[in-house]
Amino acid sequence: MSKALVGIIMGSDSDLKVMQAAVDQLAFFNIPFEIDVVSAHRTPEKMFDYAKNAHKRGIKVIIAGAGGAAHLPGMVASLSPLPIIGVPVKSSNSIDGWDSVLSILQMPNGVPVATVALNAAKNAGILAAQIIGSSDNSILKKMEVFKEKMKQEVEKKSKNVQQKFNS
Amino acid sequence: MSKALVGIIMGSDSDLKVMQAAVDQLAFFNIPFEIDVVSAHRTPEKMFDYAKNAHKRGIKVIIAGAGGAAHLPGMVASLSPLPIIGVPVKSSNSIDGWDSVLSILQMPNGVPVATVALNAAKNAGILAAQIIGSSDNSILKKMEVFKEKMKQEVEKKSKNVQQKFNS
Amino acid sequence: MSKALVGIIMGSDSDLKVMQAAVDQLAFFNIPFEIDVVSAHRTPEKMFDYAKNAHKRGIKVIIAGAGGAAHLPGMVASLSPLPIIGVPVKSSNSIDGWDSVLSILQMPNGVPVATVALNAAKNAGILAAQIIGSSDNSILKKMEVFKEKMKQEVEKKSKNVQQKFNS
Amino acid sequence: MSKALVGIIMGSDSDLKVMQAAVDQLAFFNIPFEIDVVSAHRTPEKMFDYAKNAHKRGIKVIIAGAGGAAHLPGMVASLSPLPIIGVPVKSSNSIDGWDSVLSILQMPNGVPVATVALNAAKNAGILAAQIIGSSDNSILKKMEVFKEKMKQEVEKKSKNVQQKFNS
Amino acid sequence: MSKALVGIIMGSDSDLKVMQAAVDQLAFFNIPFEIDVVSAHRTPEKMFDYAKNAHKRGIKVIIAGAGGAAHLPGMVASLSPLPIIGVPVKSSNSIDGWDSVLSILQMPNGVPVATVALNAAKNAGILAAQIIGSSDNSILKKMEVFKEKMKQEVEKKSKNVQQKFNS
Amino acid sequence: MSKALVGIIMGSDSDLKVMQAAVDQLAFFNIPFEIDVVSAHRTPEKMFDYAKNAHKRGIKVIIAGAGGAAHLPGMVASLSPLPIIGVPVKSSNSIDGWDSVLSILQMPNGVPVATVALNAAKNAGILAAQIIGSSDNSILKKMEVFKEKMKQEVEKKSKNVQQKFNS
Amino acid sequence: MSKALVGIIMGSDSDLKVMQAAVDQLAFFNIPFEIDVVSAHRTPEKMFDYAKNAHKRGIKVIIAGAGGAAHLPGMVASLSPLPIIGVPVKSSNSIDGWDSVLSILQMPNGVPVATVALNAAKNAGILAAQIIGSSDNSILKKMEVFKEKMKQEVEKKSKNVQQKFNS
Amino acid sequence: MSKALVGIIMGSDSDLKVMQAAVDQLAFFNIPFEIDVVSAHRTPEKMFDYAKNAHKRGIKVIIAGAGGAAHLPGMVASLSPLPIIGVPVKSSNSIDGWDSVLSILQMPNGVPVATVALNAAKNAGILAAQIIGSSDNSILKKMEVFKEKMKQEVEKKSKNVQQKFNS
């Protein structure tokens, strides 16, 4: 694999079943990535190192997923100059996901986290590709193809539904 | 001004008092931008044109602010291959901002919006700079300076507080 | 089937299990309808065409169901002069349905969506019939019969319950 | 004034400051209406009479506004075969409007209320016009003019904003 | 059974699995009751009759259970001079019970409903007994016995837990 | 004043501006009452004494108002055999009143609190009168007069509104 | 077992499946504890005795778990001079845990409860150990070891994830 | 001032108007403290140093206040072996305080934060005193005096209210 452009981190390996969709989406766009378990609360020093150094080894975007009082995306954002994408994970100890969403979204002035929907690791992967695509025309083109493909899938469903009700 | 790299749009000119902070932040980073009022619900055709063509004239990131049932960021995301930053605005007709937040954040798979905190147009400006900075080292450097400056401001406040309580 | 008076659209074919109840209800009132999958986010052009032209081919009311950040009903309302009925769908990626409800209900001034309860496609079908019935006496009469039937069903349940506790 | 086509009722005269916008909007579309204070909880008999008889004297749509545990729209819907538009009012005793919204929106199967946004009496007026317009081409035409007017207002704001930032 | 002192009504027979606990509790206190299915939305006339006449045949308290946009307790309270106990039912179409709770609890000034916890039909039965007990010393005494019994049950659990951890 | 039948207590004298409405309502119905400040958290022993002895000196109903984590109504209910009416007060330290409402409403099985709407001390007074009225025909009659009076007030408002729009 | 330093109480033995984690955690730190079922609502006198006397027999911290309108932690805090840790339990009758959380967290000025996350009895045990450790160096040391152990567990997971994606 | 036992930190000096109450309360109990502005997001390195070293210079408890996506209390808890008290601050960018509360309260297993009510810095001060008092009898005694004082204040208010209504 070529040098990673996107770093995917998550607070616990139990988040992997949600975060896998980000992996798959980056693979689809053929964007090299790295992946690790980094916990803001259990491995704060590792989180510090990761956040302070990712851009030095060529990472362009970081995707961070976490649940409950989810501090990983925001803390990485406080330490890295890169755009950070936060994925609120509806973990087992979450109050219906509200804690995960608000802990990631409601960052103070000066330290943004690009938050996606609850459990929306797939969209995090697409957003990372869009960010890289904003300065890489080949990815931008793939994004247009991707959108076209979504369109065609809906059209197929549309035909199925119409057939069912009109035949 | 040189060719705009960031497009700032909002659903109504009443959102300008919130969105001004994005303008200021881009000016701070010296990133050229364009600004317009584009309403998903009142000028849907203009919104279509804007979203489909922004990347063709060199825009790299779009910041879209809207309140209530806020469809502007998501609809622009459905039509543009660019990364879209959504700013939920706590407009007068909003239910404490929850409608704005959820209408922008909870986008379906395939169509992400990079959502920032309620009314956090300043953070939208910083995030746009980070996205451009991910492929532009001079902006990346400015981002590190910006973070250093925030640090110093906190230190000044720290001194004031300590003086107040220890002298 | 005679010319459709009601258009039923939904963001994804996975919404069909909820939206089927609208179909059934219109069939009950013998009101001709059409049905399609139209996604605001994945097929925005098709959505545009649908919304701008439905009334030209005789559609009187549009029922639109969608989940999460549900933009379909509101965007169709922005483009069509017809009354639009919105059905918030509690989709798998929804935060307990709150996102679907608020994204559809909280439309800005000028662009109403007639919103029904979460997953209440049956009520959307009845409301469409009431709208057509407001200028069609035969439907109005059927509505009164429908209400009478509901009453009798409750009476039957009432008898069962009373029998259980008094015999 | 010609025979009323729309009935506007509200639970208390304190709701009038919100409901006035529905009046204004119907006047704009030149649709004759009647208006009254009808309380589900304080004048239940009057509410019964109103709901059971409105359609007999030519009313085509009823707009009902209420706050708190807002039962007026739903109770009228249970008694009338007409389409009922519910306006949740953020009254002084409301918990941020959530009670008004949920009491009106979450009607059981069989008895829909076409709910608009919190305090959105203006949208209730437009929706009533759309319902009448669905069988009255002159209103349908006015609706298209109305939408065009909204578009032009946004365009004017757009010009102001662009002028401010580009001159 | 002697003349009923408490009337138990519910919006649908599907509420019976919740409301049964009120029945059991009244039986425990040996208080005669009647039970019926009365729907505010599907049988509004029956609801009117029930509410206006219950006190005339000797009913002292009415327990009304309903879910979703639950109007039954409030409407009965608007028509009857008796104390009405409302039981919010977490029905299948409810948004986590919030709609049921707010529709029953947030009654306007002048028309109270004595609301108990979500699904707490057992507490509704006890409250009805307390209301009757406030003027009937034999019931008041039973209430003290009932409280004593609860205490003893907790004591038994306490012993079990202590045994488990200390032996 | 004759012997008090209703006890009104509140967690702090700052609740008096809300609770005054209960006082006024009981005065309206001519029901003798007593009033005191009793804090579950600051004067737990006094609360114990109050709750255990109120019924012994002839109190028939207790109205307890409190805000935030409002434990007063529930603790009194755990100690007294009387019906307890809880008034959730939207105090300054409350999260929009939700804490007050849920702390009072969601009592466990066995220990009901008859909860009224947020700040609805007036309704607490009416409910207390209804409870006493359930065994006192003269109060029951006054309740019917009270309802009639409310009806007439609405009718007066109805006339004002109709005059405004029809003259 | 030596003299108990921590008292663990819960409103019902059904809370034990949640509260067991506090027991396990104290055992891990080798801190002697006592455990009992004490219900604020069903055994108020026992609760009074427990809260007033715990510190007299050497208890240093009390952990109290309860669900729904959870008054146990707050009432114990009102009666004891000790630090009280509250564990909101998501019991079966709870509205998604919000009632438990708010009833315990939102205590009035003067009477704090140290609240942990919903169902987080494990964290209550750790917090109790930290409180004892604040004046007992051996426990403080164990706390540092415990944190080190958590770190190592995350590192192991990190290796597994990296292996999975890089081999 | 003698060596500080409690460290009070806050994310911004704008939190001081809330956090002052913690200062006042510690002064009341005569417990020496230190105070500083430490931002998790703007001065992450300082936060690291503070959290890792506080216990080494004799601090026994840390009180940390923060608003919005409030990561300060949780991050300090991840790095310090001491008990951490979190004060959710309702800052200007907060969504009614919910984000502050959930970001602090809902910490994952292994890393507790002793959370107090929204803006309840006074209670944080009392809780810190209770923690120190759990191993310092003179503070424990002061706590009992403090509770007695609260009781007397309520008694004074009680007299005032009774005088007002009985004279």
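Letters are used for the chains, namely A, B, C, D, E, F, G and H, taken in the order the chains are written, and counting of residues starts over at 1 for each.
Here is the rule we go by: contacts are C-beta pairs under 8 Å (C-beta built on N, C-alpha and C of every residue); 3 or more make two chains touch, one makes a residue touch a chain.
Small disclaimer: the values here were computed from a predicted structure and weren't measured.
Visitor: Shared touching chains for chain B and chain C?
Guide: A, D
Visitor: Trace the shortest chain of touching neighbours from chain C to chain F and give its length in steps.
Guide: The distance in steps between these two chains is 2.
Visitor: When contacts are scored as defined above, which chain pair ends up with more C-beta pairs, C-E or D-E?
Guide: Pair with the higher count of C-beta contacts: D-E.
Visitor: Taking the mean of the CA coordinates per chain, how far is chain G from chain H in Å?
Guide: Spacing between the chain centres: roughly 18 Å.
Visitor: Using mean C-alpha positions as chain centres, tell me how far chain E is from chain G in Å, no decimals.
Guide: That pair's centroid distance is 34 Å.
Visitor: Could you please state the distance in Å, as a whole number, between where the Cα atoms of chain D are centred and where those of chain G are centred?
Guide: Averaging C-alpha atoms per chain gives centres 52 Å apart.
Visitor: On chain D, where are the residues touching two or more other chains?
Guide: In chain D, the residues touching two or more other chains are 12, 42, 68-69, 93, 95-96, 98, 101, 105-111, 117-118, 120, 147, 150.
Visitor: Let me know each pair of chains that touch one another.
Guide: Result for touching pairs of chains: A-B, A-C, A-G, A-H, B-C, B-D, B-H, C-D, C-E, D-E, D-F, E-F, E-G, F-G, F-H, G-H.
Visitor: Quick one: in the complex, what on chain F touches chain G?
Guide: Listed in rising order, the residues of chain F that touch chain G are 11-12, 40-42, 44, 48, 67-69, 71, 74-75, 77-79, 91, 93-95, 98-99, 102-111.
Visitor: Spell out the residues on chain D that touch chain C in their complex, using ranges where they run on.
Guide: Touching chain C: residues 55, 60-61, 81-83, 85, 101, 105-118, 120, 122-124, 126-127, 130-136, 140, 143-144, 146-147, 150 of chain D.
Visitor: Quick check on the complex: what are the chain F residues that touch chain D?
Guide: 96-98, 101, 117-120, 147, 150-151, 153-155, 157-158, 160-162, 165
Visitor: Please name which positions on chain H make contact with chain B in the complex.
Guide: Interface residues on the chain H side: 12-13, 16, 23, 35-39, 42-43, 46, 68-69, 93, 95-96.
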